[in-house]
Structure formats: C-alpha cells, structure tokens
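Each in structure tokens, the structures are laid out below.
Two complexes, one shared chain (chain A), two partners (chain B, chain C).
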Partner chain A sequence: MPALLQYAKRGVDALRRDRSTETVRGASPGTHLQLWVLVLAVVFPVAVAVIVSTKETGVVTSLGDLLPGSYAVENYREALVDYRFGRFMWNSLAMSLVIVVGKLVVSVFAAMAVVYYRIPYKDLVFLFILFTLLLPVPVRFVPLFQLMNDLGWSNTILAITVPYVASATTVFILRQHFLSIPASIVETAKLDGVGPLRFMLFVLLPMSKGVLVGVSIIMFVYAWNQYLWPLIIIDSEANQVAQVGLQLLQGDVQGGQLSWSLVMAGSTLTLLPPLLLMIVFRKPLLKTFNIQQK
Partner chain B sequence: MSTREIFDSRIESGLLLLPTLVVSVVFLYYPTAMAVRTSFFDSSFGQADEFVGLENYAALVTDSAYHSSVLLSVLFAAVVVAGVMAVSLYLTFLIHEVDTGQGVYLISVIWPYALPPAVGALVFLFIAHPTLGVLTGPIEALGVDVDWFNDGPQAFVVVALAAIWKQIGYNVIFMIAAMNNVPDTLTETARLDGVSGLRRLVSVYVPIMTPTLFFLVVINTIYAFFSTFAFVDLLTSGGPSNATNILIFDLYQEGFSFFNFGVASAKSVVLFLVVGALMLVQFRVTDEYSYYGA
Partner chain C sequence: MTTVTLRNLRKKFDDVVAVDGIDLDVEDGEFLVIVGPSGCGKSTTLRLLAGLESATDGRIEMDGRDVTAVEPKDRNVAMVFQNYALYPHMTGRRNITFGMKSSGDFGDEEIERRVAEAADTLDIADLLDRKPEAMSGGERQRVALGRAIVRDPDAFLMDEPLSNLDAKLRIEMRAELARLHSTLGTTTVYVTHDQTEAMTLGERVVVMNDGGIMQVDEPQRLYDFPANRFVAEFIGDPAMNMIPVDVEDGRAVHDAFEIPLPLADAGDPVAADRNGVGEESLDDGRRAVLGVRPEDFRLPDPRTDDGLPRIDATVNVREPLGDSLLLHCSIGDASCNVQAAPRTDVGAGETVSVTYDPARLHLFDAETGEAFYHSEAHVSEAERPVPASVE
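And then the complex of A and B:
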C-alpha cells in the first residue's frame, strides 16, 4: 500500500513538473481556458442585453431563451422614436462634445501657461488647480443646484457642461506630456522668434496628438456616463440625457407599460458611443493612462 | 526645466489661465464654500435660512441611521475594492502569461471602463431579477432563494457585484502596464527557480507593482464611495430597509427627497473630508514610492 502511494505521488510530481516546463515554453491551455471563462463572465451581462434587445418581449427566464429574436429593427425604432431615445442620445452627445472641446481648449491653455510661461507663484497657481481634485461633483451638488437656480441655468445645457470645463486631471496630464517634450526643441522655437500662438499651433499641438486623443476619450467617457448631476438639474424630458432617459424607460417597465426588450435596446444604444470610441482609440487611450499615473 | 519658460508676458499667461481659474472658483470653490456655510443653517425650500450653529453636525453625531450609512459605506467600499482588485489582478496575470491573443483578451476585459453605470445597473437588474432574471433559475438551482428586492444582504451583494464588474476594466488597464514593467529577466529567473503560477504573482509581481496597487486602492475607494450612485439608485434605491443606503445615496435623498439643505450640506462636508483623507493617503504613498516609478 505505501509503495502504491509512493508511486502515485511520483506520478503527480511528474505531472506537476510537466506543467511547469510547459509554462516555460508558453502558456498552458489551462490559462487560455480560465481566460475564456472570465472573459465570458465579463461579457455575459451585456451580451444578454444585446440579445434581449432583438426579441419581441423581454421574457428570458432560462439560458435556453437566449437566442436572438427578429424584432431588432422594431425595438430600436420604437425606443429611438416613440420613447424619444433619439432625443436623449442627441442631448448626451451635445453635452459630451461641449465638455470635451471646452475642457480640451481650456486645459491646453492652462497647461501651456504653467509650463512655458514665467509666472510668479507658479507652484501656488498649479496647486490651486490641483486642489479641485478634492471637490468632485458628489461633494458639491447640493450648493451647485442652488447656484444653478440663482443663475437661471437649471434645465439647460449650460448647467450640465460649464461646471465640468475646469479639469485638474487634464491640466495635469497635459503638463506631464509638455514636460516630456525636449527642451531643445522649445529653445529652437524661441531662437526662431516663434510667438505663443504659432508655438501652440505649430509646435505644441502637433507634438501632442496622441495625448490629445487620449484625454479626449477619457473626457468623453466621463461626460457621457454622468448620471447623478443631470438627474438633479435637468427636469424636462426634452433636455434629458440618455443615462437618465434609461431611468425613465425603467420606470415605464415597473409600471407595466413597456417590455424589457425596449429597456435593453435603450441600454445598448447608450453603451455604444463610449464603447466604440474606446475600442477604436485604445492605443492612445492606454498611453495617456500611463502618463496620468506618473 | 527653466529653459522651457520661453515666454514671459504676464498678460498672456493670465489670459491662458483665466478660463480654468474662473470656472474653478465659480463652480468648484464657491459651491464648496457655500456647502460649508449652509451646513451651519437650517435651510430648505421656501423658507429663510436660520443660523443654527453646529446643530446639523450634532444631529449627524447622534443620528443612528447616519452611523449605519457610514458603516455600510465602509463595508461596501472594502468589499468592492477587495473584489475588484482580486479579480483584476488575476485576470491581468493570466493575460500577462499568455503569448497569443493578448490584445484580444485585453480589450475584452478592459471594455467595462467605457460602460455607463446606469447601463450596468439596468443590465444587472434584468439578469438577476428575482422573477424574470436569466441567472435567477441557475442560482436557485444551487439552493439559494433569490429575493434581493426584500433581502438586505442579497441586495448588498447584487449592488457590490455590479459595481465590481464595472470597475474591472479600469484596474486591468493600470495593472497590465505595471506588470509589463516587471523586467523579463526577473520573470525568467523566477521560472527557472521553479516559482510557478500564483506564487510568482504573489511573491514577484505584486511587490514590484505596489505603487500602482496603492494608487488603485485609493481610486477604487473613491469610486466605491461616490461613483456607484447609479447602481444604488437603479437597483435598490438604497433599500430594502436601508441595506444599500451608502453615503452618496443618503446625501442625495437628504437633499432632493427631503430638501433639508442644511443637513445635506453638513453631509457634503463630511464627504469632502473623506475625499481629502483619501487624497492625502495617496500623496503620502506616492511620495514614499516615487523612486520606484522612475
């Protein structure tokens, strides 16, 4: 009996050794299998949403019901037109584009001043900008709501864009990138007598394309996914954004007037813009994240 | 660095900084100051503010429901941070190990970075719905009675799972960059020494990745405290019986369901202190490990 155990143990050891020599050469099939399972888990909820958005009703009570239906066109049309999701998407797009362009211009200006200008108390100015990291929307939405009422901006696109335009993160990332542009190039530009506007347009921006794309994607995803602030400050359906529009659709489901397949169509629509941008521009995006962390 | 300061017009630098500074003052600093001021007043709709000193804070100190919300938020953050980081670290490790299909695996697990929380919440509501959910059948087959509309702990788990799922993408983005920075020679040495699989992750990679992991702990904690609002709002509305009433949702209700702006402002100030403390920790930690990054 002990001999048999010995034999079995040797067998197991041999198997172990096989596996470890395999990892020296490359990943074992087990690694791929585990990845497949985990990827499936991460993708599954959204895959269900997309499938359900093509079905007649949203009733999917068993895994066997997860076959695509033939109501895709019908459902998306109904969501976009009858439930005004087209309008919500448009509002979200307008909000996100205004925030992205506004933030980009304003932050390039600020970062250029911080890096290329001789300013008294420069560190203090930069600190003043960085300190706003401590003041995210959740900390100040109550007084911001009152401020918007006083300004008469409630329920307008101004309310959901202007407060986002100052961005410590973007200024910081751009500053880091500007500091990585060789000083010799900057000095050459100076010797050539290049003015600030031409320096920005013909030296700085062309050398920053990747980072500008990267921060734009980060800003777009951030802006598009805003939920709490529009929920509070926008109170008419005509001006509402897609994130909160989803909540309105869901309310209709609870009320029994609407099928889940429409909510999933709305969800899929709301997911698409940030997802596509991220996939298309993943390379500059990942590079920009690398800068942020340093 | 001083060689980069090629311009010295005070007016130009002032104009470049102006937009960022004005927006910061008007929409970030001023509302925060207002929150501090209002926290000393009895303030709600349609009545004049009345100065009450520290009464709002005193109310928070004695309010047992608020204490539960604080504890709940800490527990929720702990679960979400631990969950996100464990899953993401393991996923990153698997992706790091394989030598084919890395790009495809990477994009199929980092995409939730772009996922709008509102979409994530609705999709989870649908797949885990107590009566309609696709997953409800299989989970009940395991002997669990899915009843999270009425069962507090179950609701907590559902919200936490949804929040973890959404944050995996962001974490893998940073972890893969950190893991790719581990010198190949170190990996080879570990492999030749027979340190395989998980042991290599825990005793070789994790120590080298500490700066990134600390950074992510802080970012994930802030995420769990503040950016999970949409999950709570759409999945549970803080219920059942406050089982998912984390601070940010509690603050929203105080302000916009009960319109107690005084108490809500005191709660905002508390949240500000939370963000401040977390940022301070991050600065300290980044300082301590800064020579690693270079």
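And then the complex of A and C:
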C-alpha cells in the first residue's frame, strides 16, 4: 500500500511538473504508464457497468462480452419508465437537496456560534460536536426508527432527511474556514455596527462561497449514497430512493431471470448526478480539501 | 471633537497582564502615537479604546463620558488595521459604504456625498469600482482610510497601518497621514513599533513597555530628555550607548575615562524646568549608567583644543552608512558606538581619540534605570562647543 501511495504521489508530482517546460523531463514514460495503470484500475468496474448496461442480458463470461452492445436505449428506457427508476432518482434528488440545504443552514449557524460568540465552555461544546463523529450512524437506527414512527414520519421525506441535517464534519470544516478569516475583518464589522445576520449574509457567506460549494458537493454525494436508512424507514415503493430502488431492477430473480443489464443501467444512472456536480464544481471542491489540510 | 482619558486602565489575559494600570490623556484633535516593542501592550490599549477588548479594571472616558462598558459601535471611533481589513468580495466603494449603510444613520444621498468627498481627499476616485485584489497595498490602505473618514468618527484608532507597506510607500503614506490629520483635525491614536513613524507623526509620543507607560512627551523632548534607560535606548537609531560609571565629585568616573558633568548654579529655575527629572542628585559614589548617543561622540580635530577630555577608543568594526560612519568601539571594558563623518579614514583595530558633546550627557540610576541627570539643562548655548570632526 505505501508503495502504491508513492506511485500516486510521484505521478501527481510529475503532472505538476508537466506544466513547466523546465522540468518536463521529470514526467518520464514510466510515470505515465504507472498512472494509466492506476486510472484503469479505478475506472474498470465503472466501465464494465456502462458496457453491461448496453447488452441484452448482461452476463459477462468472456472478454468478448466486454464489447458494447446495442440495447442501450431499450435498457435505459425500461429502467426509467417500466421500473419507474426515474421516480426513485427524483426522490433521491429531493432527499439530497433537502439534506444539503438543511446541513448548510444548521452548520453555518453552529460554526458561527462556535467561532464568533462567547459561550461558556465553548471548547467543550465544540468537542461534543466532534464527539458525535465517533458514533456510527447505524448505531442510532433502532431508537431513530422508533422516534420516526412515534412522530408519524415513516415513509416521508422527513424521515430520510431530518436525522441528517446536523453534521459535525461540516461544522468542523466551516469552523476552520471562519477561523481563517482575519479577525480584523470581523472587528471592522463590529465597529461599524454591522449586526450578526447582516454580517453573515454580506460578509461571512460571500467570503465562504468556495468552501460552501465544496462541502455542499461532499454532502450531496454522501446524501445521494444513503442506502441503509432509507431501506429501513421507507417501505412504500413510490417514496423509495434510487440506491434502494436498484434492487427492484433485478427483475424476476426467483425465475432465474436476473437482468444485470437493467441493474447496471440503473447503477450508471445513479452515478450521473454526483459525477456531473463533481465535474462542474471540481475547483471549489479541491479548495475545500486544501482548507482541511491547514 | 473629542478628548480621550484613560484612568488606571488594566487588561489581563488569563495570567498575563497586557496593560498594567495606565493613565493617559489624549487632547482634542491631537495626533498621539503609542510606540513600544512587541508585546508591550500598545495594541491592547488601542483595542481597549475601540471596545474590542473589555477592560479588566479602570476607566475609559471620551469627552468626559464613561465608555468603558460601551459597545464598539456606540463609541463612534474608526479603526484602521495593519492588514487593511477590507472585505475582499466588495468593491472599494462598497467597502467604504457598507458600514455606514449597516448603521442606518445615514441617508443614501448623504453617503454618496461623503464618499465623493473622501475619494477626493484621498485621491481614490479611480479605486472605488475595483476590488481589493486589484489594488496595491498602498491603495488598499487608502481605501481603508476612506472607510474610516467617511463616518466622521470622534477618533481614529490606527493599529500599525503602514507596517505592511514597503519602505518607499511607507514614507509616502506617512506624509499622507500627516496631511490628512492636519486637514481633518480628528483626534488620532496611532500605534506603531517603528520609532521613526512615532517621531515623525506624533504630536506627542507615548513609549510603552511591559504594559506600562514609560514616558509621554513631544518627540524631540523624548529624544533629548528620556525619562529612563528604556526610553533612551528605544528612541534613536543607532541606540544610545550605556556605560556604567560612578559619580564622584561632579564627574562620571569609569576605568578608562573621567568626564566632568556640567551643573548649573543650584536653584537655577531654568535648569530645573528644562530637565524634567526634578531634583538633581549628583551624590558622590552613586552608581549610575552614563548615556551618550553615538552622534554625540565625535572624533575631534587634533589641531584644535576645545578643552574637553579625550577618551581612547579601539575600533572593532566600521559600518559605513553613507551619510555617516558608525564605529563599533571598545572604551575600556565598555563597548560603544561612535558616529563619525562619512569618509573618516579609520580602520578596524585602530585606536582613536574621541570626545563628546558636554550638553548631551545623560545619567540613569544603575538600579532603577530612571534618569536623574540630563546635562543639556545645565549647559547654556554659548558654552556648547562648535562641532569639529576629522574629515
């Protein structure tokens, strides 16, 4: 594993050097070969999924089966229309957006409180927030299930979003970012009599745009990939999300008719929204990770 | 117009006393500079004035009104920071108007008019539509000044505003600040660690150390009559030489030399008044530290006799500064700096004969470091020798 990391590091370094003509010799063909091997290793399963989704049955038994088939349109149409996968995707999207917005609102306020206000035992409060990271989500499932039932939220979007709107990770990232904003900027606002809400809306949020976009992407991908909790709390097909809905694409499993091509079409579809977001917002995303390193 | 008064002001951070019970009066329209080394409490004092820190003890008054517990925004002071503190996502204009709009005390037309005025005063009209990232350091600081002056505050508080600028720009901005102050006449408290800035800008200068005020005086008096060793060594570059001596029979006695200490007739009111150290006491046997600035030593012309004692000094290092030549010398076991004429032909290792300006001797108590004698107060103009040095 360390060897692999070394390769990756060298590869990244080589890519960086590539930009300046002076050290272009550093990016040797060997380095490129290593990089390609690594990239292929990562991309291979995804590529197989995409290829299989274009086949009639999608059973891969030989290398020859890894050539694209001609059933692409048919498979995707069947998944989206016949199996109502579009509906699941829509539910996933709604869930993810609500979680992202909710998390942003809660985390911005929490981080603001932790950074800019004098609260007794502030460090302890922050430590407590971080402490929640140590508690894996599945541990909370049983009491949470009970709670959702008591509230009558089962099978609703509330059940799959509200438990996720508080996020220690996001509070932490935002806190680090807020701390990196020069104190004098905050103090200038104080001297000018800029109120806390105005400060948040016109100073803090615009100055945090990059980080907010970055964490939003991370949170979106995390929310989009929720599987276990929706599986437990949602039992009506109409309200189900894409990750769980994939299972319904298997078709007549009992009859030995497991249609891999449909499952892979669904998988490919679920990949698309996070992928698009990552491509569009890759710059702020990278910046956010930089901030975490500070 | 505003006077600022600090009474027994104290600020403690946990176990560290940053400001240790200081008293200070800032007069209406005055440009007061607080200077001192890092950690002396000067910035904390300014932040206490702004209300950004709360005082542990003591009072802050503005125009006689107790503002110790008043919120920063209600003190009507404007602060200028070392890092400019401009909002990076706002244009120059928005940076200037944002605070005014937030406070809600100004109408739109009023704001427009004031921005135009400030832009005119500071010559920043072409910066108003640019964001800070497209401005140079000096331009940013000018916009930050603009933001401070549009609100027409009772007092300006400046926290090392020129420290981030390069040397040339700093000198320009220094002149700009002086001009601005003479135009506006607003009470200004200015914090810096740079003694040149303090001397050039301040109408009065406060020297702070270890949370306490060492001396408050006009710049020239600070230089001529330092109240203690700290001020003497802090103000002036290169720093004042400090040589341990014993006072005997009206003379400062060191192993390597003896120099007479001029003393005006007892009870001379002028001397007592000019000296600023109260009753003189040149008691025999008192242990003291003799302070002489490098430029008050000189290499005399061997052909003339000014009647002053000669001191033998061995040159260790010579530092040509262009406008003068700084010689690091040893006089007996004491090391001291002598400022000579720029093209003086003296090399390291040579022994030179040095004399001094008898009107520019200072004595500090060996224990407390307090000044107890400045010879300037005892020497009339007529008695001062004409400077003569070997070219």
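In this section, the second predicted complex is superposed on the first by the 257 of 294 C-alpha atoms of A that agree within 3 Å, B and C clash if a C-alpha of one lies under 4 Å from a C-alpha of the other, contacts with A are read in each partner's own complex, and residues count from 1 in each chain.
One rule holds in what follows: a residue touches a chain if its C-beta (ideal position, glycine included) is under 8 Å from a C-beta of that chain, and two chains touch if they have at least 3 such contacts.
From a predicted model like this one, the values you see are computed outputs, not experimental measurements.
J.: Just chain B (first), just chain C (second), both, or neither: which does A:Thr188 touch?
T.: In the superposed model, A:Thr188 contacts chain C only, not chain B.
J.: According to the stated criteria, A:Val203 is in contact with first (chain B), second (chain C), both, or neither; which is it?
T.: So A:Val203 only meets chain C here.
J.: Just chain B (first), just chain C (second), both, or neither: which does A:Arg77 touch?
T.: Touch status of A:Arg77: no partner.
J.: Looking at the overlay, does A:Lys283 come into contact with chain B only (first), chain C only (second), both, or neither?
T.: So A:Lys283 meets neither chain B nor chain C here.
J.: Who wins on chain A residues touched, chain B or chain C?
T.: B
J.: Which partner chains sit in contact with A:Ser107 here, chain B, chain C, both or neither? Use first/second/both/neither.
T.: A:Ser107 sits against chain B, while chain C stays out of touch.
J.: Same chain A residues contacting chain B and chain C, which ones?
T.: Chain A residues touching both partners: 187, 189-190.
J.: Over in the complex, which chain B residues touch chain A? Could you list them?
T.: 1, 3-10, 12-13, 15-17, 19-21, 23-24, 27-32, 34-35, 38, 87, 90-91, 94-95, 97-101, 105, 107-120, 122-127, 132-134, 136-138, 165, 168, 173-174, 177, 191-192, 194, 196-197, 212, 215, 222, 225-226, 229-230, 233-234, 248, 251-252, 255-256, 261, 264-265, 268, 271-272, 275-276, 279, 293
J.: Within their complex, state which residues of chain C touch chain A.
T.: Listed in rising order, the residues of chain C that touch chain A are 50-52, 72-74, 77-79, 81-85, 87-89, 98-100, 102-103, 147, 151.
J.: Considering the complex alone, what residue numbers of chain A touch chain B?
T.: Result: residues 19-20, 23-24, 26-27, 31-32, 34-35, 38-39, 42-46, 48-49, 52, 58-63, 65-66, 105-107, 109-110, 112-119, 125, 128-129, 132-136, 138-147, 162-163, 165-167, 171, 178-179, 183, 186-187, 189-190, 196, 199, 221, 224-225, 227-228, 231-232, 242-244, 246-247, 250, 260, 263-264, 267, 270-271, 274-275, 277-279, 282, 286, 289-290, 293-294 of chain A touch chain B.
J.: Flag every residue of chain A that touches chain C in the complex, lowest number first.
T.: 182, 184-185, 187-195, 198, 202-203, 206-207, 209
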